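Both complexes below contain subunit A, partnered by subunit B and then by subunit C.
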Partner chain A sequence: MTRYLIRRLLSAFTVIAVVSLVTFLIFFALPSDPAVLACGKACTPDRIAAIHHSLGLDKNIFVQYADYVTGFFAGRTIGDGANAIHCAAPCLGISFHDDSNVWDTIWGRFPADLSLALGAAVVFMVVGVALGLAAAVRKGKLVDKFAVGLALFGISTPIYFSALVLQFFFVDKWQWLPAPNYTPITQDPAGWFQGLILPWAALVLGSMAYYTRLTRSTALDVMGEDYVRTARAKGLSRGKVILKHTLRSAITPIVTIFGMDFGALIGGSAIITETAFGIPGIGQLAVQSVLNVDLPVIMATSLFAATAVVLANVLVDVVYGIIDPRVRYA
Partner chain B sequence: MTQQPHSTGTTGDSTVLEAEVTTATADTETTAAKEIVGRSPARMAFLRLRRDRASVVALTVALLFVLAAVLSPVLSGIEGWGPATPDLHGIDPDKGNFPIGAFGGISGSHWLGIEPGTGYDVFSRLVYGLRTSLMVALIAALLSTLLGVVVGLASGYFGGKVDAALNWVMNIMLAFPQLLFIIALTPVLTSAFSTNAHGGTSETLQLGSIIVIIALFAWAYTARLVRGQVLSLREREFVDAARIMGAGWKHMLFKQLLPNLWAPILISFALAVPTNIATEAALSYLGVGVVPPNPDLGSMLDAATQYYLYDPTYMVVPGVALLLVVLSLNLLGDGVRDALDPRANRA
Partner chain C sequence: MAIELSPQSVDVNPASSFLEVRDLRVHFPTEDGLVKSVDGVSFSLEKGKTLGIVGESGSGKSVTSLSLLGLHKGSRARVSGEVWLDGEELVGMTEAQMRALRGQKVSMIFQDPLSALHPFFTVGSQIAEAYRVHHKASKKEAHERAVEMLKRVGIPQPERRAKDYPHQFSGGMRQRAMIAMSLVCDPELLIADEPTTALDVTVQAQILDLIRDLQEEFGSAVIIITHDLGVVAEISDDILVMYGGRRIEYGSVHDVLKAPEHPYTWGLLQSMPHLGGDVSQRLNPIPGSPPSLINLPSGCAFNPRCAFKDQVADGRCLSERPELLPVLDSDKHIAACHLTGDAKAEIRSASARGTK
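Then we have the complex of A and B:
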C-alpha cells in the first residue's frame, strides 16, 4: 500500500511536471507577446526590448522555465535594479497586469472556490445518486421518467443561461434572495449562504445529471446480478438489499467521477458559474488573466487546476481500496 | 480486459457496447434462419431508432435547426434583415436603445425581435450564429473522432511500448483542466495564426483555431474508448484467424478491427457534437470565441446579461435556441446508443 502510494504520487508528480513544462512552452514561446500588449500602440523596439528584459523574456526559454521552477521551490527576485521585486517561495511569479504576487492572489481566491465546490458537490452527489437509485428501483415509472428527464435537461442547459433565468426570477422578480455574491464565511455565515444559493443551484443542475445517469445504469446492471436475487430470497428487506448490495457495488464508478469532478471544481473549473454570478474564485481569475494576457497568472491557474485534478485522481485510487475490497494494489 | 483503476463512465459503457454488437449479429442470424428477411445490424438499428418516439422527435427538431443553419442566408433574405444591418427605427434612443414594442420588438418584419443597443435583427443573427456553431461543432467532432480512432486503434492493437507511450499521452491530455486550457489557448492560437500584415484576425482563422482547440482536447476520450474495445477484440478468434493467414497490420487495423468498432465510434461522435456546441457557445460567452459583430449564440447570451431585466425576450431567444439544439442532439445521441445497444434499458 505504501509502495503503491509512493509510486502513484511519483507518477502524479511527473504528470504535473509535464503539464507545467508544456503550459510554459505554449504560453511563453508562442507569439502572443506580452510586451507588445503591455507597451500599447505607440511603441518603439527599444521599449519592447526593455520590457522583455525586465520580465526576463530575453533569456532562453528553458532558462526561463528553470528560473520558474527554482523560484517555486526557493524563491527568486524578478526584474533588476530599482524595479526588482522579491518573490518568496513558493513563487509563481508576479502578475504582468498589476505586479501582485500570483501565489498570494491564488490563495486569496481559494476560499471562494472551496465554498462553491463544497456546497455544490455535496448536493449534486447526494441528490444525484438518490435520484438515480430511485429511478433504477422504479424503472419505467414516474420517478424514473422524472429523473431521466431532469438529467437530460440538466446536461443540455448551458449554465450561463440557467444562471440568468435563476437570477431573473429569484433575485429581480420575486426578490427572495439577495444578488449572488461571495462573503467570507468567517465574516457573515448567513450572508455567505444566501449569496451562494443560486451559484450552487446552477452548478448542481448542471452536474447532478451525470450522477443520476451513472447511478441509474450501474444500479440496473447490479440489480440483474444473481447475488441480489439471492439476498432477496434469503429474506432481506428490499431497502436493505438496495442500500447494502446494490448501492455498495454501484458506488465505485460514482466515486471515480466524483473525485475527478471535485478536484476539477476546487482547481477552478467552475469558470462559467463564477463568471456568470461574479464569484471571485480561481476560475474567474483565469478568465480575467486570459483577457489581460497576464501570462504568469494564466500559467499559475492552469498549473493549480492540473495539480488539483491529478491529486484528486490519486486520492480516488486510494479510496478504491477502502470501498472495494476486490481492488489489489500491485 | 485490463481495466485502469480510474476507468470512467465511458469505458464502463464500452463493455456493454461490445456485448451489444455480438447480440445484434446473433439476432440477424436467427432472423435469417427463420427465412423472413435478412437484415443487416445497421438496418436493424435504424428500425429500432425509428420506432423510438423520443428519437424521432429529437431527429426532427435537430434537422430543423440544421436546415435553418444551412439556409440562413435564404431565411434572413425572406425575413428581409441581414445579421449586421441595424434597424435604427426599431430601437428607441430615448430609452437606452431598447427595442420599440412588446416582447423585444417581435413583429412581422422582425420575427424574433431586435437586439437592444445595436438594433440588429435577432432572427437573422440566430440562424447565422447557428450556422457557425453547427459548423464548428461538426468539424471539431469529425477531427477528434478521427484522431481518437487512429490513436486508440494503434494503442490497443500494438500494445507494449506503443500502448504505454500513447496511454501516457492520453492520461496527460485528460489531466489538463479542459475548459481552462481551451479558454487560455484560444487567443494564443488565434494570434499565432493571424500574425499577418494587418495584425487583425479574420473570421475563418479564428473559427479554425477554435475547431482545432476543441478537437485537441476531445480526442483522448474517443481514443480511450476505442483502445478498450480493441483490447478485448484482439483476443477474439477472427483476429487470430486473420493473423495466422498472414494479414499485415494495416489489414488487421482497418479491415478486421475497425468494422467491428463502428457502433461505439458512432455513439461517441453523436454525443461529441452537442458537447462541442456547448463549448463553442461557452467560449463566445466568456469573450474568447466568436466576437461581435459576428453573430453567435454564446455572445448573444453574454450581451443579454446587460439587458435581461428590461428585455427578457433577448435572453430567452438565444438561450432556448441553444437549449433546444443541445437537448435534441443529446436525445438523438442517446437514441442512437439505445438503437445500437438493444439490451440497454430493456433489461
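Then we have the complex of A and C:
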C-alpha cells in the first residue's frame, strides 16, 4: 500500500510540474502585455522596456521558468535596486498587479474556498446518493419520479439563476437568513454556517443530479447481481441488503466522480457560485488574474487547481483500495 | 404418499410430507407476453431424503427453487399454487414471515459461487452474517461459528482463510464456502442449484460427498438441481424431470433411471457419456432447443423434438397435452407421454440392442 501510494504521489507530482510549464508557456502566447497595462496611457517604449526588465520578462522564457521553480523551493528576490522585494519560499511570485505576495493571497482565500467546496460536496454526495438509492429501490414509483425529476430540475437550472431565486426568497422576502457572505469559522461559527447555507444550496442543486442518476443506475445494476440475491436468501432485512450489500458495490463509480468534482470545486470551479454570492474563493481570483494579465497569480491559481484535482484523485485511489479488496492486492 | 394426477384437484389441507409443493406456477409478465417459467409443478419430499430436479436450461428448475425461498416476492413475478413446508404455507406468506425462514429453515447453495459471494466482504464475515441474522450472537461468536463451518466443509487453515476474500479462493474452495454459508443455521431444507456445474470432476465428487455427509449429519431434506443425470443417480432418492416449466416425469431414481418413460428422459440419458462406452461412439444429443416459455408448442411441449411422435395415432402429440399418468408397475412413478406401454418397451429394447 505504501509503495503504491508513493508511486501515485510521484506521478501526481509529474502532472503538477507539466501543468506549471504549460501554463507558463501559454502565458507568453497571450496577446496582451502586462507591462503595457502597468505602464498606463502616457507610456514610452523605454518605460515599457524598464518594466519588462523589472518584472524579469526580458529574460529567456525557460530561464524565467527556472527562476520560478527555484523560487518556489528556495525563495528569491524579485526586481533589483530599490524596487527589489524578497519573496520567501515557497515563493509563487509577486503579483504584477498590486505587488502582493501570491502565496499569501492564495492561502488567504483558501479557507473560504475550502468551506464552500467541502460543505457543498458533503451535502450533494450524501443527498444525491440517498435519493438515487431511494429511486432505485422504488423504481417506477413516486419516489423514483420525484428523485429523477428533482435531479433534472437541478441540473437544468443555471447556478446564477438559482442563486438569485434562493437569495430573493430566503434573504429578501422571508428574511430567514442573513445575506450570504463568508465569515471565518474561527471568528464566528454560526455566522460561517448561516452565510454559507445558500451558496451550498445553489451548488448542491446543480451537482446533485449526477450523483442521483449515477447511484440510481449503478444500484439497479448491482441489485441484479447474484450476491445481492444471496444476501436476500440469507434472510437479511431489506435495509441491510440495500445499505450494506448493494451500496458497498454501487459506491465505487460514485467515488470516482466525487474525487474529480471535489478536486475541481476546491480548484475554483465554483466560480459562478463565488461570484453570485460574493464568496472570496480561488475561482474569482483566477478570473481576475486573467483579466489583469497577472502571470504570477495565473500560475498560482492554475497550479493550485491542478494540485487539488490530482490530490483528490490520489485520495480516490486510496479509497478504492479500502472499498474493493481486489484493488489492494493488484 | 399420494400423487395428484391432475393439478386441478388441489386440496387445502396442510401436507403430511415435510415439503409438499402443489401446482406451483411462476409467471412473469413481459413485453413479449406472459413467460410461464413454472407451470403447475407438484412434488413432495421428506426429511433426510434428496430430490433431484433435472432439465435443460430454461426448464424452470431454478425458478422453482427460488420460489421455495420466496425470492420472487416483491418482483413482478406472479406466483400461485401452494408450498407447504413443515405445516406452513409459503406462497401466501408476507415478506417478513418469509425472511425469518430464509437461511434458517430453507437455505440455498447457488451455482457459480464467484458471483454469488459478495466480492467486497471476507468469506468469514459473509458466513458470520448469515448466522447472526437468525441467532443472537456477538460478532466474535459468529466469527468462531464461521470458522467452525469452514473447517467442517474441509477448508484447510480455516482461521486464516476466513479472513480471505472470495477472489482469493479457488473454485472448489468457494463452493465449499458457499455450502458452509448455507449450512451455518442448520437448515431443514437445503436447495443446491447446480452446485457442481463450474467445477472439475474430482472436485465435483468431493462436493457431492460433502453435501451427502452433511445431509446425514443434519437430517435435512435436500433438493439438488442439475442437468447432470450422473449427479442425480449418485445422490438422489427421487427425480423430477422438467420440460418447459412442467413436470414430464417423476418417480424414484431407481424407477426412472432403470425404466425411463418419457422420450425426453431417454434423450437426457443418451446424451450422457458412459465411462465404459466406446470412445469412437458419438454422443446422442437431443435435437433442437428448449421451447419458448411464452408460446409452448401445442399438445406435448416436447413434440417438435420428439423422434417418436409418429408412433402415436391421430397426431395426438401435436393436439392433445398428455396427462401425467402412473406407470403400471409403480405407485409413484408418473410420466406424461402418449406412447403406450408396449410401444415404449419396444423402443427401449430396440435402442438397447442398437447400442450393444
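By definition in this document, the second predicted complex is superposed on the first by the 325 of 330 C-alpha atoms of A that agree within 3 Å, B and C clash if a C-alpha of one lies under 4 Å from a C-alpha of the other, contacts with A are read in each partner's own complex, and residues count from 1 in each chain.
Throughout what follows, contacts are C-beta pairs under 8 Å (C-beta built on N, C-alpha and C of every residue); 3 or more make two chains touch, one makes a residue touch a chain.
Model, not experiment: these values are computed from the prediction.
In the superposed pair of complexes, A:325 makes contact with subunit C only, with no contact to subunit B. With both structures placed on the common chain, the touch criterion links A:165 to subunit B but leaves subunit C unconnected. In the superposed model, A:152 makes contact with subunit B only, not with subunit C. Looking at the shared chain after the overlay, A:248 reaches subunit C, while subunit B stays out of its contact range. By the document's definition of touching, neither partner reaches A:3: not subunit B, not subunit C.
Considering which of subunit B and subunit C touches more of subunit A, the answer is B. By the touch criterion stated above, A:237 is placed in contact with subunit C alone, subunit B being left untouched. Residue overlap on subunit A between its contacts with subunit B in one complex and with subunit C in the other: absent.
By the touch criterion given at the top, residues 225-227, 229-238, 245, 248-249, 323-326 of subunit A touch subunit C in their complex. Those residues of subunit B that touch subunit A in the complex are listed here as 5-9, 12, 171-172, 175-177, 179-181, 183-185, 187-189, 191-192, 195, 274, 278, 281-282, 285-288, 298, 301-302, 304-305, 308-309, 312, 315, 319, 322-323, 326-327, 330-331, 334, 344-345, 347.
Contact residues of subunit A toward subunit B in the complex are 15, 18-19, 26-27, 30-32, 152-153, 155-158, 160-161, 164-165, 167-168, 172, 210, 213-214, 217-218, 220-221, 224, 253, 256-257, 260, 264, 267-269, 271-272, 275-276, 283, 286-287, 290-291, 293, 298, 301-302, 305-306, 308-310, 313, 316-317, 320, 327.
Contact residues on subunit C toward subunit A in their complex (touch as defined above): 69, 71, 95, 99-104, 107-108, 110, 112, 115-122, 129-130, 133-134, 165, 167, 181.
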